[in-house]
């Protein structure tokens, strides 16, 4: 697989943009300017960025709450994300929903909802539609390690297997589900051990290596697209912050965090960029662009109107 | 006009919609080669093929979720629950994913869940339930419950064409016990419109599903005694046709609401509340409800007979109201 | 008497029951070392050990099912839903297994599901829902929804001691926003008894949960205008204390029912229906309902404010009723 | 493991009693004397009898709809079973529920309910109680191949694994779930392949060999009882009749049925009995006893009163 400089810089852009937007949201949250919960995917950006970059534009993703990167790759604009967090009418849910609970089918994103793993059978259904219509499209469903304990994970993966659907499952194994460590979530060492129950290929990869994620997804997507059915990719990573920003994650051993901090996917990718002799100036250009986009986004969101009260009544049904 | 069963009406609606619109496809347990537990989809596999008549694994949440996903990308899935009782296994997907999606994202979720429901077949607590009120209480869902072949066909077509998730409650007892005429040509009935199945000036009887037949029988008995009952068949439970309900109640001043589902927080509760609020000045008697008691559906005949409302029990309540 | 929060009251009830009865144990997500999403069970793991404070995998149907099994063989499990919204993932186990078991087999299923519910915390459609009516409509379940620390403690103890499955709806907004006195000694409040939180002769206001505070505020405003509102706090939603409700309505002749859950087929519908049937001759005005509209719970402040009933909206309805 | 003549005759008794009672019920059904559905476990008797015989009296079972044998071993009386089918007040549900939907905790049977696999987490909960109370008891949860597709299967097995519960899972893999063959139910060859996802031992055995079932359950029960956690036992068998008696099972290839008819667990066990030189007279005595018990049961049931109408209102809540 040849990943050229342009691709590398694209990955870099989305990695930085994801991290930057989320850091900014954390700041806003601390300033009390964000109501409700605040969920980020710090340290897990390589998974959503690397996988989404491996897809065709019309492939559909069903992301989870650590997948801002995938949304951005699919075309969600930073200002829409900020407006969403601030409950503005210009957000993707027009203030109807908050934080990471959004999506947009015009960009081929199935909106995330809270109940963990619900997106898995839903994504399988999108893949089923593609198969029925003989479209060369695939679906990608994301989930966490904790989500894989839910019945919908089992029912969704099995359905995809039995119907040989064009789908790729990507698991952020970030070793915790809220406060629950993997060892209390399952009695097997890898989430992929669960996925073996369904009869399709599984892989375990380094989730902090954007190129590894890109490569694995590319391969799995090709298999799905050519009628080879589902693949499950377990991405090993670490949740680097609390479950959400109210949570100080004191239940996570500090050494574990330290260990993974050294594996930070962005710093690591910067080393790769340098190894591959991507010009520093190009990297800096990306950094500058990202910073500006983030501030523009905050600006846009803060200037955007809140929805009008009566809009609460709108849109329950399609007409 | 030919006379067909309720079951045949449902079959025809499915068949015609699949024939006309290739976005329509079916998901469910044993609906393929077997033709479904009630044989509604017999012959569909042969006609429409395996890709549009999908026998799923035994996993309601999984296949309802899949229907939602397919709907989101432009298909029009119709899911068969083998029995409505198992819809509780897919409850989360229905009320959290399907119901809230359009409100949040303005993207339609055009899908139908067919729920064979109701008692009188000696099928006990797990094959006789009436789940409709759970869904009526969940914003974002439409709920349909026809009582005749004509309505069943026209409303199923409307449900399939509707851009929203629709819970289509088809009464198992009616499958083979309701016969009626349907036009030979194509027709579609609007969701959200009740139908006055019998005109009358003395008492309004509001009901739906299998209780319509029972209500009509009771009304005939009353008529023999000079009491004219107006029977409003709701047909759609959400959105509720309060206009038709209130017009009738304002005319008669007396109301009996009948349903087979448990009473507490059932459809009857909502209708009584609407009437109590909106037609207060027109009431000549308390709004009465006759429903199943607050128990699971029992199996043994004497118990199930006691449990279910029927023509005799309805007539008795109507008499009470008439003499109020 | 000490003054404590609603959250602390729930914590105390759990602690005391666990301390007194070794059959009581806890199941749920993050309730152990973390102490629960709302920190209700902070310190429980240290005191009662891993076998009685069980952090489960992320699997609501699984751990509710496990609670049922443990209850059947003599334990008294208390399950924490992290948010009531996720109770829909365990719906089947609750309504099919837990609710129907005693009716079928005369074997008790003593268990409690704690459901942190309700809005006003800007938590959007999936962390703000009010699920109570689904369960009130499902025969075999008791449903409790306290509004004060005193009630919360006494009713949670009663729920744990009850030999039936109880859905205990604890309002998240009240956790830290409701403070009140509780006796230092042990006490238990009976399930199924409403509490008149304020006496009055002009209008009956019936509500529960977080709307009690709002209703009391509204009642105070009305009092300043010479209208005396009687506030009935239901406390238990099933079985419903129709006696207390009807006594108050018969006294005042005017009723407003308020709740935060969607209107259609909600608790208010049932109460209005009961009143319309049982207190018909005593009504001086239509039975009114003030509830959330028929939409999911929106996130953004102006939307959520519009969505939720509050003291001002209640007062405005009370005024309408007063001048009817 | 030494299984003496007495044990062999006990197995034989329960096998015959199960088959005989169900055959009798089928006859009643055909005569129109049974309302509602009629479910039997013809050809699968070795699974429920062999497993239940391997348990201690106070071990708890959560049977499924093909497990009449296990109920009988646990102490359910033939007359109670018949009365249940005929909706009599003397049935175990007093007419509240029908056919195979019954149970009795005084005999350590968790009542079966329709939604497939619901009994699995429930049985795990019973096992959890035994573990908490340090009782030397175990739970056994039965399921079909189809049931293993449900989320509750996944959630229940995982919970049992993570908490190392004293439980044995026994699967009737009778190759069909209503009309759906195994190959459309899952994309792996064995149900046990699914169970590997949970990190405890699995076994695949001949479900038509009552001794094999007895032996496998004995071993698994010992492991569970000694703190070794769950075991999953897949019993290969075949559903020899329709899903229920209304179903002629024309979707099942005749040859498959023929093949399995030759493996009938009862005929096969009779050969074993003869090989082990169990006296013909003892076998005949069992046959005679069973026939009489069945006719007594029908008699009892038919003479039993139906419940009174108002009993419909009783028992919703415990007091």
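Think of it as A, B, C and D in the order they're written, each chain with its own count starting at 1.
As a convention for this text, a contact is a pair of C-beta atoms (placed from the backbone, for glycine too) under 8 Å apart; a residue touches a chain by one contact, two chains touch by 3 or more.
Everything quoted here is computed from the prediction, not taken from an experiment.
Student: Return the chains common to the contact lists of subunit A and subunit C.
Tutor: Of all the chains present, those in contact with both subunit A and subunit C are B, D.
Student: Of all chains present, which has the mean Cα position farthest from that of subunit B?
Tutor: So the chain farthest away from subunit B turns out to be A.
Student: Using CA atom averages as chain centres, what separation in Å is found between subunit B and subunit C?
Tutor: 30
Student: Can you work out the whole-Å distance between the CA centroids of subunit C and subunit D?
Tutor: Centres of subunit C and subunit D (C-alpha means) sit 40 Å apart.
Student: Whole-Å distance, subunit A centre to subunit D centre, using C-alpha means?
Tutor: 45
Student: For subunit C, what residues touch not just one other chain but two or more?
Tutor: Answer for subunit C, listing residues that touch two or more other chains: 57, 59, 61-62, 85-86, 88-89, 92, 96, 100, 103-104, 125-126, 139-140, 294-296, 298.
Student: Can you list the subunit A residues in contact with two or more other chains?
Tutor: 93, 96-97, 101, 113-115, 149-152, 154-155, 158, 162, 184-186, 316
Student: Are the chains arranged, by touching, as a line, ring, star, complete graph, or other?
Tutor: complete
Student: What residues of subunit D sit close enough to touch subunit B in their complex?
Tutor: Contact set of subunit D toward subunit B: 35-37, 87-88, 93, 95-99, 101, 113-116, 146-147, 149-151, 177-180, 184-186, 251, 306-313, 316.
Student: Applying the document's contact rule, which stretches of subunit B touch subunit D when the two form their complex?
Tutor: 29-30, 32-34, 37, 55, 57-62, 82-83, 85-86, 88-89, 121-127, 293-296, 298-307
Student: Of all residues in subunit C, which touch subunit B in the complex?
Tutor: Within the complex, subunit C touches subunit B at residues 85-86, 88-89, 91-92, 95-96, 99-100, 103-104, 125-126, 133-134, 136-140, 238, 240, 261-262, 264-270, 272-273, 275-278, 280, 283, 285-289, 294-296, 298.
Student: Mind listing the subunit D positions that touch subunit C in their complex?
Tutor: Where subunit D meets subunit C, its residues are 60, 62, 92-94, 96-97, 101-105, 110-111, 113-115, 118, 120-132, 139, 151-152, 154-156, 158-159, 162-163, 315-319.
Student: Under the stated contact criterion, what part of subunit D meets subunit A in this complex?
Tutor: Contacts found on subunit D: 149-155, 158, 161-162, 164, 184-188, 193-200.
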